[in-house]
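What follows is a pair of complexes built around chain A, which joins chain B in one and chain C in the other.
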Partner chain A sequence: MSEVTIRKQAPRGMITLRGDLSVPALGAACAEVNGCDLPARGQAAHAGEAATLWMSSDELLLLLPQADVPDALTRIGAALAGSHHLAVDVSDARTLFSIEGAGLRDVLGKLTPADVSAAAWPPGALRRTRLAQVAAAIWLRTETEAQLICFRSVTDYVEALLHTAAKAGQVGFHRPLR
Partner chain B sequence: MLTFECPYCGVQADETELSPGGEAHLTRHGPESSDEAFEGYLFLRENPRGVHFERWRHSFGCGKWFLAARCTMTLEVFGTYAAQTTEPPQDILDKITGRRPGWRRLG
Partner chain C sequence: MSTRLATGGRLLDRRRPMDFTFNGKRLRGYAGDTLASALLGQGQVLVGRSFKYHRPRGLVASGAEEPNALVNLGRGARLEPNQRATTTELFDGLTATSQNHWPSLEFDVGAVNARLSRFLPAGFYYKMFIHPRPLWKYVYEPFIRHSAGLGKAPTEADPDTYEQFHAHVGLLIVGGGISGLQAALAAGQAGKHVMLVEQTAHWGGRAPVDGVTIDGMPADDWVKNTVEALENMPNVVLRTRAMGAGVYDHGFVTVYERLTDHAPEAEGPRHRLWHIRAGHVVLASGAIERPLSFAGNDIPGVMLASAVRDYVENWGVSCGDRTVVVTNNDDAYRTALALRHAGLEVVAIVDARTTPDGPLLREARDLGIRVLTGKGIGAAKGGKSLESVTICAQAGEGAPLEEIACDCVAMSGGWSPVVHLWSHTGGKLTWDAERCFFRPDPTRAPTGADGQPSVTIAGTANGHLRSAEALCDTAEAMTAILGSDIQAAEAQDADEGPLVPVWLMPQGAGLPLRQKMWLDYQNDVKVSDVQLAAREGYESVEHTKRYTTLGMATDQGKLSNINGLATLSQALGKDIPKVGTTTFRPPYTPISMGSIAAEARGEIFQPLRKTPLHDWHADRGAYWEPVGHWRRPYCFPRDGESHADAVAREINATRQGVGLLDTSTLGKIVVKGPDAGRFMDLLYTNMMSTLPVGRCRYGLMCSENGFLMDDGVVARLDDDTWLCHTTTGGADRIHAHMEDWLQCEWWDFKVFTANLTEQYAQIAVVGPKAREVLEKLGGTGLSAEEFKFMDWRETTLADIPARIFRISFSGELSFEVAVPAGRGRALWDALLEAGAAFGITPYGTEALHVMRAEKGFIMIGDETDGTIIPQDLGLGWAISKKKDDYIGKRAQMRSHMADPDRWQLVGLETLDGSVLPDGSYAIAKGKTANGQRNTQGRVTSTYHSPTIGRGIAMGLVLHGPDRMDEVLEFNTVDGPTVKARIVSPVFYDPEGAKQNV
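What follows is the complex of A and B.
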């Protein structure tokens, strides 16, 4: 019996927002559409199902209910009119997984070269990395719940990877076995 | 294993999360340059056994290009810096000199 649960999430609305993250209107527009503060470098901000992920120094990924995406794009466009930016609905391009359980650091540690120790990857920190052969972004909502985004085209591959890594037995490297 | 700190995201990125981009700080010689200069720009590269300046792309992360100074022999990394830098920063040169007394930049 595995102590880590992998679940593919229902489709979530996702908006890629590129622009100068230091522009106050950009942070305000994000907060207005999904209720999350602008995350600091390498962080993810949460509010229920919504989240704002720091993807690079000029890119954010906004997570929100899928039905809200068209309205959110309109509001972002209005708020940032005149300021150089790009906001695109990428909901169909990516898949969201949740990984729950105390041993999740050991499961992810089998698949990624990133340091997934508590010191390097605390709750709230987002890491874009490689999962076996494909790109993914992982972040911790809490110490026992991680979320993962990958491209939709590799969903089956990532799902199989995660299930295999989770069922192969506990490792006890990041969390001592009792 | 080669690990660089991405100057844009601040994460310790493993070599396999990055894409190599060859030698850094090349001077472009385009149209109207001499054949010798163009050949040098296109084909001739340093291949040192020791300190080297390189371009890398954080392809499995933020996607940004950055520059790195490292030793090709020991894989020691002296530092990484923004791609919008035409010459190696002085603090990195000082660090290399501290670690490799008498070192001189090729080229």
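What follows is the complex of A and C.
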């Protein structure tokens, strides 16, 4: 049985950016504030602890140090002054978890209906989905580390869910027992 | 009497004996036993009582189709009723008790019903217990409840854990018999992502029991080799003890895995309910043998021929010393041969066919077994166990030709493919007249999103009862699925001649015999009951099922279904396909409630949403009110204080000094873009585009049908940005409503929205001292001149960046302060400290409600209920006359919406100062067409107002605003009417002087 570790992360700076993702200035502004490339559809782009998540065809979520958020908002506002967009600080609206261990796919499979197999969900892939009864987004940083965000108000629920699923042990589906 | 043989039993490990108890009796079995085989091995044939007549019941089957052997399993918190002995694997220390008996299994008082059976015909409950009506509640229902009831409900919480698991597979194969194994092997070799599930603990199904050879080796060896090959494929997942429970749309299948039922002390979840999304589903679910309808076929000792064979081959158990085999087909001869090879006595084979022939029959004759052709069983005799059978001509009326002493009858009326899963999601059936069963119709398969078949059924389940045919059919099916030629493994079993349909034995049986022919063992439905239903006019098989309770027991008619509808079709003089089948519904056999709940119990039964101030509220002993998934403090009672007293104290403290309210749950949606003003004007009934930056405005939102759906304060943040506050319950719904219109209707608008509800902690500082509290925290420019009612501004309070809205839902001077959620607790603590000198008092939702009612402010969900328009509530002022359109405008112009007779909002004041009951109606003269009292209004909100010192209410009243000072009478649930005067809904400070200081 492989151990899976659940860790609630320290508050992280988060910016919701809605706009036309094909506008070059938008990608450039994002790269400037957190150093990440513009992610492809359904992907997460990383640069160290920073990340840019593709949330929908006109929405990104930028992860960056919380102290950098006000300055980043100013810079995005300036860079996109001429183009229709919405950039807001959502750092306090969500909680970030990390799920680490070789068995993380089996743990997540107990809670999300999304396909979390290696084929459908390789490192870099992001899924907006549900975790039992609440909304969540999950993405893989590496084969053995997943990140998860949920709304702030359900932090305790999600933490208890993840611990319950991990404690119950492996299913042996994503790593078939032989 | 049944007994354990000295040798034999392919599934048995005789080196590992296991002790268990049944009705307190200490018994012994072996590893590999089921509870059923262990009971039979110890001579326990009698296992329960039937539902209606409390007839003695013995084991009939050896698998999931068993109708009788349901037991209470376990004790205390682990007690579980209705557990099927045939699918319960024995473990050391198992305890079971039989069900539906009183006072004991051996002597049951309820069995007297059996002697009264002619007074308990089909539809008895409908006929008997309907009149006189009042007796139902006090006499009939308690009586039925006492005498009914299979098993006992546990009284303690279940200590075990359960889970669900979502899996996506290319191909799901249900059934681990030889067809399922061959399908899995072919798909695995082709590189498909395959999952194969088998409901029992063993692979191979019936083939090893039936002596089949495959590819030149005994079936057991072929199964072992195939499973080994599959285990070595990384793309194949194998699960035993995993039952395909239900097949749903779009390749969704539930599989019920029993992880620790056979090893209760093991770690981990007890059951796992798989939610599988399969690219394609292959059903290899096999077939179930049918009983024969002869008189006394329910006496313990009468069993399915296949079960008798299973018990001897798999578990080394003899079901009786002297067995009579009765059949209409060749397969049952295998049972006779198996018994003879085990050294047991087969007294006779009674074959209903006149001239049967085939290798199995010849082998039986060669062994010297007596074969009677063209004969049937006239009656089985015995009480709690079988004693003898009489033999009669099948073509006759049942006159006994001879009587044969026996303690076991192995019966076979033919086989029915297990088509349940195929039928769950729309697969159709066709009647196979030659082999007498419903088989899947491949031209009418369940279809997926692309309109193509999403389920394939193969092998025995597809009506190919012989092993060789089944494997060929599976190979064909897999060839079609995989697009490459799949070779069938070569199976060899004995050739079989045709069967003849036998639905009644003998075919001319009179009523006395038919009244003893059981179709549904558990629910006591007999051939005569179905025939009576047909005579009483029941033509539909679905109606007959409910009238007679045929197939409604926990086995869901697995044995009785086909025999029952064949009996019905004969009684109606119709063909079987014309009568049809009842509906097959998931799950295939009952699954545990625990597996359905999975992790959702205790602390995580439901998500509990917590505001940034939740912990403070909890520490102060808040009395909670659930608001959606949020918990909001209703009030903060002090030691010994009643809730009503706490609410009054909170209101008085707020109105006289300063109060504090956690409003973080209110929806906060930002709307931005060049077209945002236009969008806001369409969304709200009033004008929002003209709202100056820095100002707030109260707005209403209606649905397309004109009904008021939400309200709240809107703030203009900058030229192209608005912040919309919604109700707590409206946050997600209104955001979705906005996105719906933006994405589906006004996709050309340049508008973006974001739901920022959880980004902010929001705190209302309310009362005459509110300004002083904020100033103590460093708030500047808050004077009445600089910061007017309905202004908002950004500032810093207690070194926290804050947005302050000067809005009021209480009628007092009031500021709502929004700060980042992570700093909400710091602000709350600072406010409490700064306000201590003023007696600052946190208040809950009830004080909020009372204070808004004192001011005549409406509440979504109290004054509205989905049928109310703003015009009903005196909110016409919030509906713009200048705008061309807004959502709901057209609907509000319809005649009924513009009707002056719609009830209108007013205030209500009881003459005696009491509080009107919530929802109470104002009565009017006369009666309706239904004989009910006419009404002219109803109460929508009602409270005791500590400020006014009396009961106050709001209500909707016919022509209300034109009837000021008129006195109406309101009804109460069980008392006299209450008189109340129509007044203005604004009870407190109608000039608005208090909030404007």
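Heads up, the rule we're going with is that the second predicted complex is superposed on the first by the 173 of 178 C-alpha atoms of A that agree within 3 Å, B and C clash if a C-alpha of one lies under 4 Å from a C-alpha of the other, contacts with A are read in each partner's own complex, and residues count from 1 in each chain.
The working rule: a contact is a pair of C-beta atoms (placed from the backbone, for glycine too) under 8 Å apart; a residue touches a chain by one contact, two chains touch by 3 or more.
Nothing here was measured: the structure is a model prediction, and the numbers come from that model.
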Which of the two partners, first being chain B and second being chain C, lies in contact with A:S91: first, second, both, or neither? second
Looking only at chain A, is it chain B or chain C that touches more of its residues? C
Based on the superposed arrangement, let me know which partner A:P113 touches: chain B (first), chain C (second), both, or neither? both
Report for A:R127: first if it touches chain B alone, second if chain C alone, otherwise both or neither. first
So, A:R18: does it touch chain B (first), chain C (second), both, or neither? second
Contact residues common to both interfaces of chain A (with chain B and with chain C): 113-115, 120
Partner chain A, residues of chain B touching it in the complex: 8-12, 14, 16-17, 60-64
Help me check something: in the complex, which residues belonging to chain A touch chain C? 11, 16, 18-19, 58, 84-86, 88-94, 106, 109-115, 117, 120, 132-134, 151-157, 160-161, 164-165, 168-169, 171, 173, 176, 178
Spell out the part of chain A that touches chain B in their complex, as residue ranges. 41-42, 55-57, 59, 113-115, 120, 127-130, 135
Spell out the residues on chain C that touch chain A in their complex, using ranges where they run on. 161, 163-168, 231-232, 234, 236-237, 267-269, 272, 275, 277, 598-600, 603-604, 606-612, 629-630, 670, 672-674, 750, 752-754, 756-760, 820-823
